[in-house]
Amino acid sequence: MNEPVPVADRVDAAAAPVAAAPKKRVAIVGATGYSGAELTAIMARHHGVDLVALFSSSSTARGPVTPALPKLIAEPFTFEALIAARPEVVFLCTPNEVSAELAPKLLDAGMTVIDLSGAFRLEEPSMYPTWYGFEHENPKLLGEAVYGLTEYCNGELKKARLVANPGCYPTSILLALRPLNFAIDREQPVICDSKSGVSGAGKKADVNFSFAELFGNFKAYGVGNHRHEPEIRQQLHLGDRAPLVFVAHLLPVHRGILSTIHVGFTHAMSEQQITDAYARVYENAPFVRVLPAGQLPELKNVVNTPRAEIGFQLLQGGRRAVIVSVIDNLLKGAASQAVQNFNRMFDFAETEALI
Amino acid sequence: MNEPVPVADRVDAAAAPVAAAPKKRVAIVGATGYSGAELTAIMARHHGVDLVALFSSSSTARGPVTPALPKLIAEPFTFEALIAARPEVVFLCTPNEVSAELAPKLLDAGMTVIDLSGAFRLEEPSMYPTWYGFEHENPKLLGEAVYGLTEYCNGELKKARLVANPGCYPTSILLALRPLNFAIDREQPVICDSKSGVSGAGKKADVNFSFAELFGNFKAYGVGNHRHEPEIRQQLHLGDRAPLVFVAHLLPVHRGILSTIHVGFTHAMSEQQITDAYARVYENAPFVRVLPAGQLPELKNVVNTPRAEIGFQLLQGGRRAVIVSVIDNLLKGAASQAVQNFNRMFDFAETEALI
Amino acid sequence: MNEPVPVADRVDAAAAPVAAAPKKRVAIVGATGYSGAELTAIMARHHGVDLVALFSSSSTARGPVTPALPKLIAEPFTFEALIAARPEVVFLCTPNEVSAELAPKLLDAGMTVIDLSGAFRLEEPSMYPTWYGFEHENPKLLGEAVYGLTEYCNGELKKARLVANPGCYPTSILLALRPLNFAIDREQPVICDSKSGVSGAGKKADVNFSFAELFGNFKAYGVGNHRHEPEIRQQLHLGDRAPLVFVAHLLPVHRGILSTIHVGFTHAMSEQQITDAYARVYENAPFVRVLPAGQLPELKNVVNTPRAEIGFQLLQGGRRAVIVSVIDNLLKGAASQAVQNFNRMFDFAETEALI
Amino acid sequence: MNEPVPVADRVDAAAAPVAAAPKKRVAIVGATGYSGAELTAIMARHHGVDLVALFSSSSTARGPVTPALPKLIAEPFTFEALIAARPEVVFLCTPNEVSAELAPKLLDAGMTVIDLSGAFRLEEPSMYPTWYGFEHENPKLLGEAVYGLTEYCNGELKKARLVANPGCYPTSILLALRPLNFAIDREQPVICDSKSGVSGAGKKADVNFSFAELFGNFKAYGVGNHRHEPEIRQQLHLGDRAPLVFVAHLLPVHRGILSTIHVGFTHAMSEQQITDAYARVYENAPFVRVLPAGQLPELKNVVNTPRAEIGFQLLQGGRRAVIVSVIDNLLKGAASQAVQNFNRMFDFAETEALI
């Protein structure tokens, strides 16, 4: 694809004198997957962006990124077409192995890469064969990649060439737990019982993900061997020894993750202490909302929004808590967080294109 | 309430002594599909049956017909194994082409065949290439096969070697329309707007039938080219000229069909006339219930039951009607109707194993 | 509520120098219903609007219009608070009777009213007792109200004081049928078999609309007595005699309407003729998309979008057609169409705040 | 497959001659609720039962217990009508307070009572005001009532006048945990993260249980204050001190409970040890199935069946486990367990009417 995509669904250029600066040239690879289509829809209304190329990662035919966006057309991917579009920033919504192979080439070509796969999330190269099933060819990029849990990023995003956008489950859990890290008793298990809508598995032809099998159904999966577990552990700095238990479940809904998190504290905490701990981190975060003590969020509060909500209930005199967090797995768990990162990297308002 | 409840749905005491006669040796091929598993569950509680063999039609591994019936184990199919089990009656829950090939061999081996596919439903051989995509090798069996819309079968079932069990959409439509055939104006279109749960498409790995694509979705399909259309036309004896319109839709539920049928009458009909016309056919039918005029049935009335329900609303002074019929596509639209036919063929109570 | 709502979720004022003209002062009554919340979300990002007041129509407590928009707060409604907010334009997302009573008062106070209820949709006052159950107090407003099926409105919107926003079912049917009106055979029944998501019934405590009753269920309702039927008939100018049949169904999804429409033509039509007829009306319509002949749209194409999609399949040599149209009942069937009308009334781009 | 299928799910031939003994006269109060209708459907096919009376607990009109069972008619409840029907056994599917008031009267009249409410589940009278909101009038019946978790009942059921049928959540948790009680480390929290279909809340008009609010939604509720928590604690004999955490969630499905249970052991357990512990209790239990180590059951395995399934995954070298159990909340969690108890009380095969 040598020419700019005719991005007819985007906000009219006339609406957007915001960015006096020249617009960023952006390409998306994997625009036809569930996260990719969400990302495309957001970027098409970004006032500081020229969406110069949209690629499907798997399809061989030209077509809309999704039926609901008939004017946003993706092309079959070729590396040559990507280069020819001369993007400054490339979002990769591609399988792990594809991202691992593509990102270094794009960096070499001088582009900035925001990768939505897991290819650059783990710091330790030796974990890739175990958890992702492939040997990492570029171990030093693992050290360079910025883990883009936006609310925990500062100046490093501005200098980043490569952002590893967090996994959906880790986002839901880390936002809930990191502010309380100081108080968590590491001698007790931290139990993360997470439930995700089916879009988390991607678009695929698999009888186990067919409507007939999942309608009215519910199940746990990946106990003890889900690749998001080492990512959570790494970001919580719990160490190998600490008893983190992560159980993923498949909810019969299209989108959204709700994580129910069970923690013990080293000493009794008050509701005010918990509330304050969250406020210290999220007071000015436009997309994280902490509910008053004792109120727990529902999935629908955040579905189709870029926001996370967190609620908690103290138990046993404050020595334990049940924390519930909700996000839309395709937005805060993928596409909208990628845009938050993009906005911070290039000095746009963090909320640009997101509200 | 001072008197015993008239518990008409309970197992009839008269149905029990059946078992005195030697039991029928029965095999099921295709027991692991959605209809096959329902059929297996029913036949496993039939007092007059020895279930001598259960075969998957596609799998190469031994396993339960369905996770909810862990003790009913299907084997990979081989013709030799089927013969070795010496069944007297074989139910085929197999793809059309497989049934077309298998049934003649089983008949030659002296077995009785109840086929749940479309392989023997159309009377006219020349229609098979057009509607089913294959040339029928045994055109004379099309003449012999008994079309098993049970409520319209009489003595012919007792002599049948081969039963063509009706399609799910045709069952829902024919039960509603055939009693009114005498009054329908054939100069006006008969419009059948049918909606089916996803299990009607069978168990398959196809992204278009994935949960993520169908959740919250709804669509029409097969307009003008659905293979159930000639089956309906044939059984209504409308002729080629009469304007039958059949539109199938995919409902985001697991099971059940609701057909909304629009007909005009040659002269104004009263509610009593319609009610009487239905009563003439269904008065003693244990599995068809006609609601009082103006009441329309819901899908949930029949899901997981072997029953059909029919309701109607007269319009335009009785010159037109909207008729709504509901069935469970896997039961009255497939498995339980096959068992009704079996029961009639071998002189069991029609309700045996079904209530 | 005497002070402007702190509309924190809206697009930052800095983003919007678009409207050099002073912003329109807008209020919404009934902002906490399903349509009202959608409308509020859209208007909050409108660059030419000051959202000066948001009212719940039923609640007595202050709170978010919906959990997904926690910063958009609705107040309990009082007429005094509405007046005090000095809106220029008021959207009414209120029950029919409430709109019928409120609109005249607002017009008297010099405000412009866009009513999303059915209170001003029928031209003939005598139909209100029959179809809506109340006597209309302001029959002459029925003559004045502009029926806001946007694609069929021209200059009249610019002069309108009162807009009757169309019903959801009528929108889905009229967009599909009006371009073909010239060719429709009025001696044959026009059959509209429509299916709507549950949000169409509004937010209510009713066991018949409970999750437990509707999950996996499907039903027809309102045959021959749905209040949208006279609205469709009036807008199609079919006359009382023409045999229009409208059947509504309750789909087990949250949102979206799919109408399957069966019509006969006075003479055989070609695909090109149909395509051309649609193009004449919708060529420049930003929110109506007609698919190529033989392709039918799915609900998911339009859910959560302000767009309608229409597809058709010719039958019987072009003498009949099946037409399928889809909209989101809460958007093109309510809120976004109201905003299209607003945009046209006040010379904003028709797409402002909608893409 | 050369040999007859081992059809273990089929009706046991031995179960038929039951009917020789005089049938038990049985009444059901609350037959029109979700559990009541399931119970009625089961008892209507019980060979040893005369169903002498069916009562709605709330309705004032005569009508079917559920639309899917049109011939099973419930009457409005009066105590006089119940007495007049002369039942020997009465099932109460009534609200807690109604059961608490009704049961003593029925016992006084010489009847046997199987209560599906929570009115007699807690042994300690003082807990009723706290957890159920009413003062118990018959504290000594709490001592007499047999807690009917069938697999843990022995001779006591045969002598019972009053059975307290277990709660749905407790059933799913107790079946999974009681066999491992000996090994559980009571210094670590036992965490029960349970998810239930919406039918668990009963049939009610409440906007929070409306389809529009729950479709695509998911939430936790009752943290720290669910009345099933003291019931679980009591039956596990954990004592007040042990850190049991129970979190209920509302799944957007009609029926079924999946409990994800997190426990630590006092010492490392092997898969074989866990498997053996379960086998000791459930080897001959017809309705409890324990999966091989490392396999976890799905909801659909048990929905619409009277069975429970349990699976486990050891973690951290056997020092912890994740245990997943599934039941149908309306069957093993209510109606079918009540029938298991009835069958044991009156010497019927435990599986009578249930397979």
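Note that the chains take the letters A, B, C and D in the order they are written out, and that residue 1 is the start of every chain.
Throughout what follows, contacts are C-beta pairs under 8 Å (C-beta built on N, C-alpha and C of every residue); 3 or more make two chains touch, one makes a residue touch a chain.
What you see is a predicted model; the values in this text were computed from it and never measured.
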item: Chain pair with the higher count of C-beta pairs in contact (A-C, B-D); value: B-D
item: Most widely separated chain from subunit B, with each centre as the mean of CA atoms; value: A
item: Centre-of-Cα separation between subunit D and subunit A, whole angstrom; value: 41
item: Whole-Å gap separating subunit A and subunit B, where each centre is the average of the chain's CA atoms; value: 47
item: Gap in Å, rounded to a whole number, between the CA centres of subunit C and subunit A; value: 35
item: Shared-contact residues (touching 2 or more other chains) in subunit D; value: 213, 215-216, 252-254, 298, 300, 303
item: Of all residues in subunit D, those that touch subunit A in their complex; value: 188-189, 191, 193, 195, 213, 216-221, 223-224, 243, 245, 247, 249, 251-256, 258, 260, 262, 264, 296-300, 303, 313, 315-316, 320, 322, 324
item: Complex contact set, residues of subunit A against subunit C; value: 9-12, 14-18, 45, 47, 67-68, 70, 215-216, 289, 297-298, 300-305, 307, 349, 351-352, 355
item: For the subunit A and subunit B complex, residues of the former touching the latter; value: 34, 198-199, 201, 203-207, 209-216, 252-254
item: Subunit B residues within the subunit D interface of the complex; value: 1-2, 4-11, 13, 16, 19, 41, 44-45, 47, 50-55, 67-73, 75, 81, 84-85, 215-216, 289, 298, 300-305, 307, 355
